[in-house]
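Both of the next two complexes hold chain A, though its partner changes from chain B to chain C.
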Partner chain A sequence: MDLGQLLTVQLPTLLAVVIGVPAVLAGYIVVGELLVRRLPDGAQPGVRPWIWVGPALVFIAIFLVYPVFGTVYRSLLGRDGSSFVALSNYGRVLGDSAVVTAIRDNIYWLLLYTLFALLFGLLMAVLSDRVRYETPVKSLIFMPMAISFTALAVIWKFMYSYQPPGEPQTGTLNAVLNGILHVQPITWIQDERVNNFALIAAAVWGITGFAMVILSASLKGIPGELLEAARVDGAGQITIFRRVILPLLMPTITVVATTLVIFALKAFDIVYVTTAGNFHTDVLANRMYKELYLAGNFANSSALAVILLIAVIPVLIFNLRQFRAVEGRR
Partner chain B sequence: MSVARPEVAPPVEAAAAGITPRTILEWIGNLPLHVAIIGLTVAWIVPTVGLLVSSFRPLSAFATSGWWTALSPPFNFTLDNYQHILSTSNLGTSFFNSFMISIPATVIPATVAAFAAYAFSWMRFWGRDWIFLALVGLLAVPLQVTFIPILSMFTSLGLNGTFLGIWLAHTGYGLPFAIYLLANFFRALPADLFESAEIDGAGTLTVFFRIVLPLSVPALASLIIFQFLWVWNDLLVALIYLGGTPEVAPLTVTLANLVGSLGQGYQYLTAAAFLSMIVPLVVFFSLQRYFVRGILAGSVKG
Partner chain C sequence: MVGTRRLRAAAALLALSFIALTACAPGQGTTSSKTGGTVHVLAVWSGSEQDSFTAVLKPFEDRTGIKVEYESTRDLDATLTTRVQAGNPPEVTGAPGFGTLSKFVKQGKVVALDNIVDMNALKSQYADTWIKLGQVNSQGELGSGKLYQVFSWAAMKGLVWYNPKSFQAKGYQVPKTWNDFTTLVSKVKADGTTPLCVTLESGAASGWPASDWIKEIVLSQSGSKVYDNWWAGKQKWSSPEIKQAWQTFGQLLGPGGANVYGGPKYMVATNFGDVGTPMFASPPKCYMLNQGSFITDFFVKNNPNLKPVQDFTFFPLPTINDQYAGSTVVAGDSFSMMKDTPQARELIKYLTTAGAQSIWVKRGGKISPNKNVAASDYPDETAKGVAQALAAEKTADFDAGDLMPSDMRNAWWGKTLDFVQDQSKLDSILADLDKVQASTSTGG
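Now for the complex of A and B:
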């Protein structure tokens, strides 16, 4: 690292930004407010809110709203970006066998990642609720949430590492399989029978804490009297779980599931780092990245991005309904 | 689970009772539960512990034996992997770059979101509820849909491969969640607070800076931690807007590149990965409460 450059250019820049930007924004809001006060009393409530939401709306318009429309429009143009080709980009992309594989893998992700993260999350939430060392257990399960998917992928590359049979297995998983269960070592990352599931398992390891934390909070919200009443009526533990706890957790489970579905559709980092989409483990987000960055094909990558967007729309609509239902109850 | 819930004695009672035959019997009755929880927890931390231990093992040991062998004597640990990776890759620069990217990309959206969330919660304006609904919708939009137009825009403005570009992009991407989180909190503040402030003749600014912000420190802390970790851990956005420029690449991008390029020196990756995890882990273990609160507040609750 060039220390001179760091001390003379970058560090001062960072300081200037960290102190300067909030100062400028605070200045903006103060000046805006002073200007609003000079308006006639009747006009103030109409103008003031726009001063306050203005910067946010500008950012969101430039970085989210405009690009979504831009990408949809771009996906209808040819590779040169000038000829209108209607839906032919979509036809070509969907006819590409690599994309078909990516869609298949995304469906694996969607189903297995969501299901297992929920299962493990629910299991850990329910189990840990019954012991006194709940807090440290939960914080250890939750810890992978703090690290990047890139680091997570490296961790699991070592977990899955493979040596030819006969050599000492240095990867944890193959060592357990080979040393304890006497199973031949498996090339987890390359073997196309298992590699998608291996990558999804790594991702589940990372996200279970997320499901657990939300479900656990919801579990603690269930009134004790309710469980007590069920017990007095002679219900066993399993009946109480199935008939009382699970139905009460259902709204939360649904919310967590929708979030997980979005994560599954956007899966990128783990695939990019471990296999780069090789060995039939590609997913749409990585396909899109390849078309954009390696092939420089804006037509195909726009079409892929829009396909991702379309896949998310049912969840998006569900979220909006959910939100309105909650607002309606306020 | 055949274990009945009432058997778990309330903590206070148990502490008062000390160890009695009854508490020991309870423990034994609960044994399957304890085994299941501890077993799962141990299984959960093995991957991380394995990486951590591996990163301190000498090259010779790494290739011939698993990391667990290092846990028994003779203990043979070294810092060589860290020294090597820091001197041969630009991981050190990346470490700095990650701060350079994450701090402004947290401060800017948090400030902008605080203003907006205040307006959404306590001011009336045309289309307010619809705009807020649109924000909730935007929470689900895959960022991939935004890359191409923004790349073109950045190229024409000369912002590709610059910190400024990625600060702005992260601000835009982070705002819907940030506003959502803060507005939910601001809205829950008691209305009399605002009424009494108005009677005292305090202006909007005073109410915001003197009442709303100080009361919202927990929510702001959650947001700041959440956004900071999100940006620090982000790979995709950094690849897109900074990917081609190693001098400005954050840790995630450099680490991902090392996965592909290390070849023989594969084990140095352990040290590199752990270096990239230090800051998130410190933030996580010291401020876990706020992080969890941010996650709870962020889910669209039913």
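Now for the complex of A and C:
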């Protein structure tokens, strides 16, 4: 790197960003506050929050709300964007067998990804709670969170690698199957009977740490006296788990579950890197990508985006209700 | 809350510091005696191919001081489309599939090269075909109009690679006719080994080697006219000629992929670059494979002990129908300019020179369409043979897949994966491809 460039271009840019951005924000708040002070005292508490939240609202309006409405509107137009075709894009998209496969696969992701990530997260949180080896175990399980989903997909592509039976296996799973258990190696990624589950398993490996950490924090929030009291009353460990711990964890489990459901619906990276959607592993997000960037078909891709949005809305509403209920209980 | 006077003071201080910051805002870096600056290049090469491309760029970077920022992706069409739509295209890009390029030309997103490269030099150094292939007119048609892509390297397809030592050991003869070829395939099978190696995995482009087989068969079985109508979307996938090509391919693969090493499972799971590995094993696990001339790069990278001519050489895939003899499928590595900058102009001009192209040619795996690249630059007799074969062919038909719209081509690639796993699905596969063809020709 050229030292002259460093001092005259990169460093000032860095300073401008690191100091300038907070400075602008602080300046905005300060000026806004000064203006609010000029209002009559009664009006101030009503106006002040809007000044503070203003910039964030503007950003959300521009980058979130406007594109949503724009996409919904675009999905009602024809391929070239000029004719109004109402719902015929949806009809065509939902009639496409490739999209039906993608929807089926998304349902697999929805159910299995959420279930297993939650299950394993809960299991690990409970089993490693308050034991001596808690920290190393938790660190190990959380480590996959540090890598990107693309890196995860590449790693698992190697794990699932296939060589014909009898040849030395290059994939870990097939090495165990063929070398140790003497069973035929499986093309985990290409075999339609197992590939969806193989991909979901890889994704669960990546996200279990997330579920575990949040559930563990919630677990530690359970007052020790409750567990003591239950033990004194003669309850066994399983009963304590079922009757005391689980009900108290329910709000957290719900929050984690809904987050996982949203991740499942967003699944793209793993599918794109390992199979590019071939072999019936396609998901809606990948189809949307193909329609948008390979076919340049804005009508279809907008329709798919709206379908995904509709699929997520119930989850969002449920999540919001849960959040309000938890807040209400405070 | 904070007192109003304190607030006023804070506001004043912030305003002052902000003015001060903008005053020392960074200007443009100083230039040295060379051109300097940066140029971004997007192309499909990674791994050993990327090393070769880097070697090509090095003299250019040393001479001009321009830094080349290279980005690689196998999903070039989609990546390029994203960048163009974001208003942030790379200045120079490996040319996308023709459908995408034509769309960008109509939208005015590609820079015409007529006034940038030396057209006279180009016309004297390249055969007419290679210049025509780079021209796109205002209707988006290939073959005339302004120049939008320049070809740096070419590859010949329809080459069947084999290990002469293995052939000699078993007494196999190089087939000269299609009948000889199919007979040889049966003979090797009868002798107890799978005759062919075919591998199809390639990320988002998985299936393209199978599409190569099919397009070569279409060309040599049904001729250029059918071939041209087919990629232009005027001939249906379910038409008898195209269906016959798929069936011929299926016959070569054998029932259930019996003629191919590892069967359909191995075919779809293994990367195209590893196609030669079973052929060079001892004892050999297969005897022939069909791949473009660039595959030699991969042979040697996977197995550094291999020597061209002794350990691997080729024969052209025999013509099926004698009246179409002399046609071959070619592909090329071409570049387009998406943003006109001085650095991009320098790079494009450099990439058309024989000097730049011969760097990769010497490393092996690429043929240059530039007449000024000396025959002695080719590293071995095999490469020289391919270059001569390319120059000798009467009709060089450009890769049909690259000429189709990208979603058509990608759908084709995906369907070949289904086909090799279950050949009985052919009719529904062709019907699905017809649907895609219909939607791409009516759409924007």
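What we mean here is this: the second predicted complex is superposed on the first by the 270 of 330 C-alpha atoms of A that agree within 3 Å, B and C clash if a C-alpha of one lies under 4 Å from a C-alpha of the other, contacts with A are read in each partner's own complex, and residues count from 1 in each chain.
The working rule: contacts are C-beta pairs under 8 Å (C-beta built on N, C-alpha and C of every residue); 3 or more make two chains touch, one makes a residue touch a chain.
Everything numeric in this text was worked out from a predicted model, so none of it was measured.
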- prompt: In the superposed arrangement, which partner chain does A:T187 touch: chain B (first), chain C (second), both, or neither?
  reply: second
- request: Could you say whether A:G221 touches chain B, chain C, both of them, or neither, answering first, second, both or neither?
  value: neither
- request: Examine A:G91 and indicate which partner it touches, taking first as chain B and second as chain C; both and neither are also allowed.
  value: neither
Message: Output check: A:T13 vs chain B and chain C. Expected answer is one of first, second, both, neither. What do you get?
response: both
Message: Just checking: does A:F279 make contact with chain B only, chain C only, both, or neither of them? Give me first, second, both or neither.
response: second
Query: First (chain B), second (chain C), both or neither: which does A:R37 touch?
result: both
Field: Which of chain B and chain C A:F268 touches, first, second, both or neither
entry: first
Message: A:Y289 in the overlay: touching chain B, chain C, both, or neither? Say first, second, both or neither.
response: both
Message: After the superposition on A, what does A:R79 contact: first (chain B), second (chain C), both or neither?
response: second
Query: Which chain, chain B or chain C, is in touch with more residues of chain A?
result: B
- prompt: Which residues of chain A are in contact with chain B in one complex and with chain C in the other?
  reply: 2, 10, 13, 26, 30, 33, 37, 272-273, 276, 289, 293
Query: Considering the complex alone, what residue numbers of chain A touch chain C?
result: 2, 4-5, 8-13, 15-16, 19-20, 23-24, 26-27, 30-31, 33-34, 37, 79-80, 97, 161-164, 187, 189-191, 272-273, 275-279, 289-290, 293-297
Field: In the complex, chain A residues that touch chain B
entry: 1-2, 6, 10, 13-14, 17-18, 21-22, 25-26, 29-30, 33, 37, 45-46, 48-50, 52-53, 55-57, 59-60, 62-68, 70-72, 74, 120, 123-124, 127-128, 130-132, 137, 139-151, 153-159, 168-172, 175, 205, 208, 210, 213-214, 217, 227, 231, 237-238, 251-252, 254-256, 258-259, 262, 265-266, 268-269, 272-274, 276, 285, 288-289, 292-293, 298, 301-302, 304-306, 308-309, 312, 315-316, 319-320, 322-327
Statement: Given the complex, residues on chain B that touch chain A span 1-6, 8, 11, 14, 30, 33-34, 36-37, 40-41, 44-48, 50-51, 54, 62-68, 90, 92-93, 96, 99-100, 103-104, 107-109, 111-113, 115-116, 118-120, 123-125, 128-129, 131, 133, 135-151, 153, 163, 167-169, 171-173, 175-176, 179, 203-205, 208, 229, 232-236, 239-240, 243, 251-252, 255-256, 259-260, 269-270, 272-274, 276-277, 280-281, 283-285, 288, 291-292, 295-296, 299-302
Message: Applying the document's contact rule, which stretches of chain C touch chain A when the two form their complex?
response: 2, 4, 7-8, 10-11, 14-15, 17-18, 21, 24-30, 77-79, 81-82, 103, 203-207, 261-263, 265-266, 268-270, 405-407, 410, 414, 417, 432, 439-440, 443-444
